[in-house]
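Both complexes shown next keep subunit A, but they swap its partner, so subunit B is in the first and subunit C is in the second.
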Partner chain A sequence: MRDVTCELCPRYCTIPEGGAGDCRVRVNIDGKLVATTYGRPSSVHIDPVEKKPLYHFHPGSAVFSIATAGCNLHCRNCQNWQLSQRGGEEMERIYRAEPKDVVDAALTENCHSIAYTYSDPIIFYEYVYDTSALAHDHGLKNIFVTAGYINEKPMRRLCRVIDATNIDLKAFDDGFYRRNCSGSLKPVLDAMVIAREEGVWLEVTNLVIPTLNDDMATVRRMAHWIRENLGEETPLHFSRFTPHYQMRNLPPTPVESLHRVWNEARDAGLKYVYVGNIFGHKSESTYCPNDNTRLIHRVGFSVEEYNLTRDGRCPVCRQSVSGVW
Partner chain B sequence: MMRRRFLALLAVVSGRQRELSLHEADFYKPHDLAG
Partner chain C sequence: MKRRDIKFSALVAVNLLAIAGFLLSHVGDESAYTGWRKIDFPALMQKINSGDLVRHEAEYWRKQE
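Moving on, here comes the complex of A and B:
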């Protein structure tokens, strides 16, 4: 019998022959680790880039979005649990889509980018990498939407082919990760720093869950950490929780809580702070950090008005706005 | 309508063809053979 140890994520699963890692989809077959969902997405959609969410990366563009089954975290509030908490063989529908098929479909549908998303694309790493490299050859961009629970070496390698990432920082609290996600905080913070160091456009999302991660002192520490380690121009999205999966006992996040965390992050010095999952909220839009001119007016995932100059500046005061425009 | 159009570009794996990929993963370490 020949075990293997998967070194992709901080779990370092040791997997016996015939067994799968914690993610369910990386399997030891005859002493060889196999990525069983390579070329086998179970979720395929075309989304606006705002849905990822990315607000400072080609606003209003269409994104060909794919995911396979499996995940290396097990969040009690997962909203995609029917996809993420299953192995590939458990899925009702599987597509056969090699990297070339994905790129061809994205081009045919006039998409600007391909997003690896919905579950956590870390667990279909090789599929992401090969598809991304081919996408670049055809002028497409790549977006990696992840919880960032990955080891340094694969993360740095992936950054060669990824253009933008949204990393879900679930809480600035290691205990929260251990209790609710079966993970830990530090690797996620490291992944964000790596993305920044490697020049990948980075936005951060924090889902605000009542009583579990909405403590103001924790939010303040998170905002300060982002400012000091990722930069004050890093967009931060506070997203509204709604009950899902094993966390149906909590109510949706009160709008007032989102206002409070928004203010806290702005007070900490972050320039671009957003509120998500509240349709039509003022803080879905982008404002000039200098004179408060509304630069991009969003309603839900739709861009209603776009006032940035071609070189990404406020048209009134010429303040430069960080992003990939 | 759009969804149906682009999904038609991808083949659905079903029935006997449901077998999963055998693509070798990156980033793993085989252990020595043990009794």
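Moving on, here comes the complex of A and C:
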């Protein structure tokens, strides 16, 4: 018996020899826990930073984005389930890209940052950490796009090398996490607070799913929690659900629902609330919280107009806008 | 009550008990993915031996006592 216990995420999987953690890619081989996808991404793309989504972090910049197989959550509506719900041995496409190769490629492609994204990068933690440290040495920034289901110690350590994160708050409801993601809410809230405490630029995404997490009382509680614990200047992205994977029984989120949750979050005092996945919607753009001047005009993932001053202020009233510009 | 009715009632009761037992056995089972997973270990080792996957030692783990 040479079982090991993984302490990276709140699952604390105890894994017998020859078995994998719940994430499928951290495997017990000969009594040691092995990260089998280190340096072996299965998805590599160049995206605009707006796609992460990050709206207050170097708008319009290009991001070299990587992901390996596996995930420590199992969301019924996962958009990337072909990647996230498989182990490395099940993947047809695996690239060989050590941290140095990723950094070199990002520099060659004139990217401003590297994003660890698509599946949940928590499960390829060591690869993220080493690549991020090397990226910093070469003047690149690091973006961690995650559901935030991670333990405190590894999260705090990771924050040393991460510049920005978008954390997917799937619902302000523990029951939702248990029923639809096989996770729980509290570790996610803790991860967001840690990111804020450690000085990582944080934006929050909430996918609005009809009948499952779109009731106004829950949205109101979520917005108040964000304001109280992360600050009123934390950008919140409401994203439109479209049917995927094991959740094809529900319709796409009605636009009216997104308007309602947007209003609710603004009423709760959040200054930067966005609506995503609706092409050309006016709430894709950034407005001055003081005089409502349009500061960044976005259409889809494209920045059409940029009016912030160099030091991140409204050009009309000089109101400072939180972000990394 | 006729003998036939008693048998029928017993059959219904047994069915209800079976359904209740099934439902109760799944209470708190929403996180059915906890723990660990069996994987195709020979396929994994094949990928590791060919260099498609690796044996990079992970961080944040301990041996089980």
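Quick note on the criterion: the second predicted complex is superposed on the first by the 325 of 325 C-alpha atoms of A that agree within 3 Å, B and C clash if a C-alpha of one lies under 4 Å from a C-alpha of the other, contacts with A are read in each partner's own complex, and residues count from 1 in each chain.
Quick note on the criterion: a contact is a pair of C-beta atoms (placed from the backbone, for glycine too) under 8 Å apart; a residue touches a chain by one contact, two chains touch by 3 or more.
Just so it is clear, the structure is predicted and the values come from calculations on it, not from any experiment.
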>> What does the overlay on subunit A give for subunit B and subunit C, a clash or a fit?
In response: clash
>> With both complexes overlaid on chain A, does A:96 touch subunit B (first), subunit C (second), both or neither?
In response: both
> Counting only touches as set out at the top, which of subunit B and subunit C does A:40 meet: first, second, both, neither?
Replying inline: both
> If you stack the two complexes on chain A, which partner ends up touching A:282: first (subunit B), second (subunit C), both, or neither?
Replying inline: neither
> Taking the superposition as given, does A:178 touch the first partner, subunit B, the second, subunit C, both, or neither?
Replying inline: second
>> By the touch definition at the top of the document, which applies to A:31: first (subunit B), second (subunit C), both, or neither?
In response: both
> Of the two partner chains, subunit B (first) and subunit C (second), which one does A:6 touch, if any: first, second, both, or neither?
Replying inline: both
> Given the touch rule stated above, what does A:19 touch, subunit B (first), subunit C (second), both, or neither?
Replying inline: second
> Given the touch rule stated above, what does A:104 touch, subunit B (first), subunit C (second), both, or neither?
Replying inline: first
> What part of subunit A is shared between its subunit B contacts and its subunit C contacts?
Replying inline: 1-8, 14, 26, 29, 31-40, 88-89, 94, 96, 125-127, 129, 151, 153-154
>> Looking at the complex, which residues from subunit A come into contact with subunit C?
In response: 1-8, 11, 13-16, 18-22, 24, 26-27, 29, 31-40, 74, 87-90, 94, 96, 125-127, 129, 151, 153-154, 178-179, 182-184
> Residues of subunit B touching subunit A in their complex?
Replying inline: 2-3, 5-7, 9-14, 17-18, 20-31, 33-34
> For the complex, which residues does subunit A have touching subunit B?
Replying inline: 1-8, 14, 26, 29, 31-41, 44-46, 64, 88-89, 93-97, 101, 104-105, 108-109, 125-127, 129, 151, 153-154
> In the complex formed with subunit A, which residues of subunit C make contact?
Replying inline: 30-41, 43-44, 46-48, 51-64
